[in-house]
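You will see two complexes here that share subunit A, one where it goes with subunit B and one where it goes with subunit C.
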Partner chain A sequence: MRIEVKDLTYSYEQSSKKGGQVALDKVSITIEEGEFFGIIGQTGSGKSTFVQHLNGLIKVEKDRGSIKIGEFDLTDKKCDFKALRKKVGMVFQYPEHQLFAETVFEDVAFGLKNFAPEMSEREIEERVEQAITLVGLDYSKVKEKSPFELSGGQKRRVAIAGVIVTKPEILVLDEPVAGLDPAGKKDFLALLKKLHKMFVKTVVLVSHDMNVISEHCSRAAIFSAGKILTVGTPKDIFANEDELISLGLSLPTTAFIEKRLSHSGINPKSNLTVSDFIDKLCEEFVGGKR
Partner chain B sequence: MPLIELKNVSFSYDKKIDVVKNVSLSVEEGEYVAIIGHNGSGKSTLAKLLNALVLPDEGSVTVDGFSSADKKQVFDIRKTVGVVFQNPDNQLVASIVEDDVAFGPENVGIKREEIGERINFALSAVGMEKFRRSSPMHLSGGQKQRIAIAGVLALKPKVLVLDESTAMLDPQGRKEVLSVVERLNRTQKVTVINVTHYMDEVVRADKVYVVNDGEIVLSGTPSEIFKKKEEIKACGLELPLAAEIADALIQRGVKLPEGILTEERLAEELCALKSKI
Partner chain C sequence: MKDVTFGQYYPKDSFVHRMDARIKILASIAYIVGVFLVQSFHFLGFAACFLFVLITTITAKVPFLKVLKSIKAIMFFIILSAILQLFFNSDGEVLLDLSFIKITDLGLLNAAFIIVRISLVVLGASLLTLTTSPVELADGIESLLYPLKFIKFPVHEFALIMSIALRFIPTLLDETDRIIKAQKARGADFESGNIFKRAKALIPVLIPLLISSFRRADELADAMDARCYSGSKNRTKYKKMKLTWRDLIGTILVAGLIVGVVYLNNFYVLLTVAL
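This part shows the complex of A and B:
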């Protein structure tokens, strides 16, 4: 499913009144099926408002642009938002705060029961077991536990299981690694990559961590004051250091070093992932391509 | 005498499992200390012990001569050690910045005239004087966190504890907060204890404690700590990315010196290497 957003405008204060601060200002972007798409921007730049539109949590107002996701036209009054939300899973910042049920099983099953009331108990159980196993938890050990007995990292996994249990084709994540320790972050990103190879076709990831964007995203967009300033590969969007800094952002480690090296006439021209960066530097310094 | 001294401190929330186990550590006045550890390692509880938000079941916590064992002195400890938490939105209480900063001093009964001075001092220390009459609601995350720090500074604490205070901020916000804290440490001699997941924040510290499973498993300067790669990884932590890259380059024959921890240093060393070729 392709995501097509055209001239999307939104303000939190009543839009009819003048002077209401605009959270999104004529945002247009197309995200193709299969992309691992990053979104960066300062706090308050409109990133979260934008992604909340993608599963209809915030609805497009009349004459304020359009969103099409695959067959779904989100501006259409007849749009089946329930069906849409089954296909577009949303993981918020601190998803563990959304846990509520008495057992892990019930928590993960909730979305499924909601979206697929016709599903048999057995089928539900199978799907829940799959989802919990997929996020790296031991199903038989955790299913009867209260989600609140689990550690922070485990809670977050349960929350993700509750989203992927409907097998969404598009997974939208708003700052999913904030507050995780380095190992937890690594595991989480590995999980995302795994899901991206399975039923999740498109990942849209909002992050303040520039290293995550340069390492994992095929393309990314920079948001500023409700507008998209630049869209492109990590190489493109991290090309202009001064602009990034003026926007409250920074360079990923690889881009930072490349930039400093270029002043000394070294141009490794990596794609900014760590492994490619190391390869290119070795060519430069040890010589001889392998 | 150290400013903060923990001797054989143990603590449990449920009286069954100790989340802090027999920890001893001391912090000198003016030091910049980093405490790192994975989620659930007990580092936040350790931070709460430092300002007597929780009290040890065993062992002793002494801060600037006050003992947490004496109920009357607990309040003095809390005045000496200010804590800034993770979420700025949970820490701001008033609808105007200056009221928010005044909240602490008012609470401990500081005279009205002096409160004005304290607000001036605290807001200028974090570079937020201009926002004195603004509403915190309209500030960015980094600005809110600076106001939270100002609220703590208004009590003139000797120690500032940051409990993952930059985790929710964008890169600019993080930079703002860290540079304010660094300046306070340098110019006002405020002792800083930074509890964090960001390995690049650790590099700046004078001393690092690594907490795992409620115990301090490693301590030393950043370069000493990050030499122990395997132990660091076993604790669910990582080296700073620049250090990882430097390591990989060395292993593949690039002649870099050992002990590179920051991207600035790595870039410098690579440029220097280039000029030698």
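This part shows the complex of A and C:
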């Protein structure tokens, strides 16, 4: 499913006539099916507001732009948001705060029971087991446990299992790695890559970590003050260091080293992923041998 | 979630904002007493109360719509009270007879009376919270409750609990909003079904909310401990409360309102006697 956003405008506090604070200002963007799309920007630049539009948690107001996701027209009053949310999964910041059920099984099954009430017990069990195993937990060990007796990292895994259990085609994640330790971060991104190869066709990832963007995203957008400044491959968006710094952002490590190397006349011209960067450097120095 | 006006501070620099919180609290209580003093069907007294609210709103530089919004929050309660009055009042002339209930002219008047009375009380109370910051409010209450210290009532702790509770209202609203969205994204449905279904649908919101409140309370207690917070003894205040000429004018106005209401009550009586 393709995501098409046109001239999307949104401001909080509509009640005040002066328009309150504009969170989104004529944002237009198209995200193709199959992309691993990154979104970066300062706190308060409108990223979260934008992604919450993608599954109708914030509705598009009249004459304030349009969003089309696959065959869903979110501007349409008759849009079936439940069906949409089944296809567009959403992982919020600190998703572990949404856990509520008595057992891990019940919590993960929550979304499934909401979206597919006709599903048989056996099928539900299969799907829940698959989701819990996917996020790297031992199903037989955790399924009867209370989610609140798990560790922080495990809680987050359970919460994510609760989102992917419905097999969304588009997965939207708002800073999913905030507060994770390096190993947890790595595991999580590996999981995301795996999901992207399975049923998740499109990933939209909001992150403050430039390395995550340069390493994993096929394309990314920079948000600033409710507008999209640049859209493109990591190579494109990380081309202008001064602009990034003025926005309170930074370069990913690979781009940073490349930039410093270029001052000494070395131009590896990698696509900014770590492995490609090392390959290009090896070509430059030792003729391709790594 | 965003339209909860009741209990929200509207920062502005105005005559009312600069009044002493204690006087404002007492004036609000006096105003509410005034509203309740208005005798049945003497709507002129209500007009006086409304005029008072209007004057206060204008001098406080608060948009009147913002004040009116507070009624929205308890609309359900108002309508319920009005309906009860309407249906269960059998005095007076019958206007509509539906065999099992009779709607009478007195019932109708009573319902209108109740609506106006509750609305006026809420308007006054929301004016207090709109023009007084939570901190000032808590300080004011603490100061007003001071005499209770002599019967060993922990006044300071009580005020602290109150100001913390007030402080966390917006935080909890934000949190609720976030959790509702997260559960909606997982297909939770809060808008359809009968009342039991809807109540049950709230469980996935209430439990995370409760847990996060406990977590916050723990964190806050630790943070206060880390800064060596200890009760009331020898604690000074950042802002000392002082009575000024504004408070005198405010007091006179409220006193005038009450005299006016009592006078208007009797005015009716005099009018009926004269006729």
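Throughout what follows, the second predicted complex is superposed on the first by the 284 of 290 C-alpha atoms of A that agree within 3 Å, B and C clash if a C-alpha of one lies under 4 Å from a C-alpha of the other, contacts with A are read in each partner's own complex, and residues count from 1 in each chain.
Simple rule for what comes next: contacts are C-beta pairs under 8 Å (C-beta built on N, C-alpha and C of every residue); 3 or more make two chains touch, one makes a residue touch a chain.
Bear in mind that the values here come from a model prediction, so they are computed numbers and not experimental data.
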| Is this a clash or a fit when subunit B and subunit C both end up on subunit A? | fit
| task | Give one of first, second, both or neither to describe whether A:Arg260 is in contact with subunit B, with subunit C, with both, or with none. | result | first
| task | For A:Val163, decide between first (touching subunit B), second (touching subunit C), both and neither. | result | second
| said: Which partner chains sit in contact with A:Met210 here, subunit B, subunit C, both or neither? Use first/second/both/neither. | reply: first
| task | Considering only touches as defined above, state whether A:Phe115 meets subunit B (first), subunit C (second), both or neither. | result | second
| query | Just subunit B (first), just subunit C (second), both, or neither: which does A:Val274 touch? | reply | first
| field | Per-residue contact with subunit A, leading partner among subunit C and subunit B | value | B
| After lining up the shared chain so the two structures overlap, which partner does A:Gly89 touch, if you call subunit B first and subunit C second: first, second, both or neither? | second
| Given the touch rule stated above, what does A:Gly153 touch, subunit B (first), subunit C (second), both, or neither? | first
| message | Looking at A:Gly70, would you say it contacts subunit B, subunit C, both, or neither? Reply first, second, both or neither. | response | neither
| After superposition on chain A, the shortest CA separation from subunit B to subunit C (Å) | 5
| request: Note which residues of subunit A are touching subunit C in the complex, please. | output: 12-13, 15, 52, 55, 57, 82, 85-86, 89-90, 92, 95, 97-101, 110-111, 114-115, 148, 162-163, 166
| said: Considering only the defined contacts, which subunit C positions touch subunit A in the complex? | reply: 2-3, 65, 178-179, 181-189, 203-205, 207-208, 211-212
| query | What residues on subunit B touch subunit A, complex-wise? | reply | 37-41, 86, 140-142, 164, 167-173, 175, 197, 199, 233, 236-238, 241-242, 244-245, 248-249, 252-255, 263-264, 266-268, 270-271, 273-275, 277
| So in the complex, which bits of subunit A are touching subunit B? | 41-44, 93, 151-153, 178-184, 186, 208, 210-211, 245, 248-250, 253-254, 256-257, 260-261, 263-266, 274, 277-278, 281-282, 285-286
